[in-house]
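Two complexes come next, and they have one chain in common, chain A, joined by chain B in the first and chain C in the second.
Moving on, here comes the complex of A and B:
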């Protein structure tokens, strides 16, 4: 008996070969995406851009990098969604950042980087809010935040019951940036100028040029 | 007894400007209750009773809680405010400035606005330039000087409060909203208890030690002695706190310097009833100039005193019209009003006379001669202009600042020990035993020319001429003949 006899008539030999090749190809592609997403979510990959090493500095001092538990969250653990399709989509959208890195302001310059940081922070906060802090919940379970003080769990279960993590914890890992509502560009610029010993007004010029 | 009519007018004027009418209670909040108890603020308590339970516990025991004043009523801010921050969906500020408190406590805010307390930063900057830097450095200024005098609070570009300037509840603090002062300097957060603010501890948190030795002085005065014995009879929690009616066991700092007495209203303009400046090399009686805008400044009796309606300079350099001028005499009248609730007029006036005499004695015997001698040393280029780089400058500083201040404050508030042993006795030890010998060493051959003329202004130093006068009772010179 031939195999053809077991299959419907329209599955010809060519179709069968195509299905097999396509199937393996598809599986291979998915596997590639998984590996790709995995690799491109690592701190090692992210910090191949110099600009990212700057924002990684405070991260490396944070409890997400130096946890007592030994569970370290890498860049992608927080900033890339769960699931191969979502993760791939996030990386696809991340191309914008790559384009900005290549053709936009010189983010590798620590001053430029610091001046633009608030905008990046606002964008990232919105990203977390839109996803209901999904990536936080990969590790954190609201019902299990016992903390060190007796009422930490109660606060999370009662007062923060309907809140998304990012609504409160928006200055957790990276350099402190005020909430968008109370952010004052002039004061931020002045702080950066003072920090880098730049003459007054430099920040405004730098932002205008880029 | 007949009174000079102009004196009567003067007196009525004082009363109208400084003391005002019949209300003896602290001014009640004039704002409509609908203006506080913000609905959104009620949720703060749920979380904060868990996250910072001590704080909410204090608040729950406060008059604020009873009147439905919640967290947000005091801490609310606008997005544009320099120190505004987002917190759990609300725009708030950590610092509640006197201006914020003044939204409800308008009278108290206006009274403190021109008081000597809010001048604490400029007093620090004017009187002791660089002292904190030369004897300490920034960290000492932050944890020492500024804790009482107040910091100039800086909000950083990232919205956080600069740790060089905050936490701070100094009485003259410059707040991000431009107002000066800190209500919680005296009114501890978050209970804001009347009893706590009326207790001398509210004042002696700062008014203690060599710069302002009032804690030790009060505690060793008759007033302080009575207070410690009868604290439970002080009715410290009473809504109204009128001396002679609501309490009489003892006067506290508040009683004399800001309390209600008789028809005199209580005031948050601390220092208004003070006649002398007691923290300077030489004390002078002080006029109080009250400006149209509510600000005030003190002017020494020896300076040109502006008249009502004239324009004169404020401490910040701006020129403003003078609304009223209170003479030292008027200020003394205000202070005496309190005394009279417990003492006879004769008693009180004599006590003040004793105080004034002591201050003048200090001035004439030590303050003025020492100041003049130091000036001669500078004029003769025997000292560098830089303060504290030569031993005699330290000696002089101890003389007028440490010992002189203690002696004068001691006399002001009736501590015999602080006036004499810790005060004038120390002054004598220093002046004759250290200061003059050091000056002689520096001045060399010019010593007599520099020193003698200043010692001869009064008879206070003629005892030095009686070289043969032996004092065996003090342990000196018994049975010995003295040579020059």
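Moving on, here comes the complex of A and C:
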């Protein structure tokens, strides 16, 4: 008995070859995407851009980098969605950042970087909120947040029951940026000018020249 | 309008373009990861281009497949020399 006798009529030899090659190609494609997503989610990769090393400084002092448990969250653990298709989509959308880095303001400059930080923070917070803080929930389980104070668990189970993590924990890892509702650009600019010993009004000029 | 006429040639070109995109994409990503020195944003540009090619490869293949199952295209493709 030939193999052809076992297969439906429309599966000819050519179709069979195409299915086998396409199948292996598809598996290879998905495996490669998984590897690619994994590689581009690492701290090592993210900090190949100088602008990201500035953002990584506070992260390296945070509890997400130096946790008591030893479970370290890398850039991608928080900022890239889980699953190969979602992660690929995030990386595809992340190419905007590469374009901004290439053609936008000089984010490698610590002053420019600090001036634009609030916009980046608001964008990142929105990203988390839109996904109901999915990436936080990779590691954190609301029902298991006992904390050190007796009411920590109760707060998470009652007061924050319908809230997303990012709604309260929006200043955990990177430099502290006020909530978008209370953020005042003039105050932020003045703080950056003072921090970098710049003459008054420089921040506004720098932002205008972007 | 000739581009929209789907026949044996366009079918082969679609499959070939997919293969070229896939292989070039993988090559560019590997070059970006392993070969290109970290000068300016060259590794990132190679990675981004490779990534785009990789993503477009299945898009072309799926489009080719969808076009090939259109009733009229199917009749034409049945007469193709393999």
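In this section, the second predicted complex is superposed on the first by the 210 of 210 C-alpha atoms of A that agree within 3 Å, B and C clash if a C-alpha of one lies under 4 Å from a C-alpha of the other, contacts with A are read in each partner's own complex, and residues count from 1 in each chain.
Definition applied: a contact is a pair of C-beta atoms (placed from the backbone, for glycine too) under 8 Å apart; a residue touches a chain by one contact, two chains touch by 3 or more.
Worth saying up front: this structure is predicted, and the values here are computed from it rather than measured.
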| item | value |
| --- | --- |
| Overlay on chain A: chain C relative to chain B, clash or fit | fit |
| Superposed arrangement, angle subtended at the Cα centre of chain A by chain B and chain C, nearest 10 degrees | 160 |
| Which superposed partner A:102 touches (first chain B, second chain C, both, neither) | second |
| Touching partner for A:91 - first (chain B), second (chain C), both, neither | second |
| Chain B versus chain C as contact partner of A:184, first or second or both or neither | first |
| Most chain A residues touched (candidates chain B, chain C) | B |
| Which of chain B and chain C A:32 touches, first, second, both or neither | second |
| Touching partner for A:40 - first (chain B), second (chain C), both, neither | second |
| Superposed arrangement (fit on chain A Cα atoms) - minimum chain B/chain C Cα distance in Å | 31 |
| Chain B to chain A touching residues, read off their complex | 43, 46-47, 50-51, 53, 79, 82, 84-86, 88-89, 91, 155-160 |
| Parts of chain C lying in touch with chain A, wherever the complex brings them together | 22, 26, 29, 33, 38, 41, 43-45, 47-48, 51-52, 54-55, 57-58, 61, 82 |
| Complex contact set, residues of chain A against chain B | 149, 151-152, 154-155, 158-160, 167-168, 175-179, 181-184, 187-192 |
| Residue numbers on chain A that touch chain C, as the complex places them | 14, 22, 25-26, 29, 32-33, 36, 39-40, 48-49, 88, 91-92, 95, 98, 101-102 |
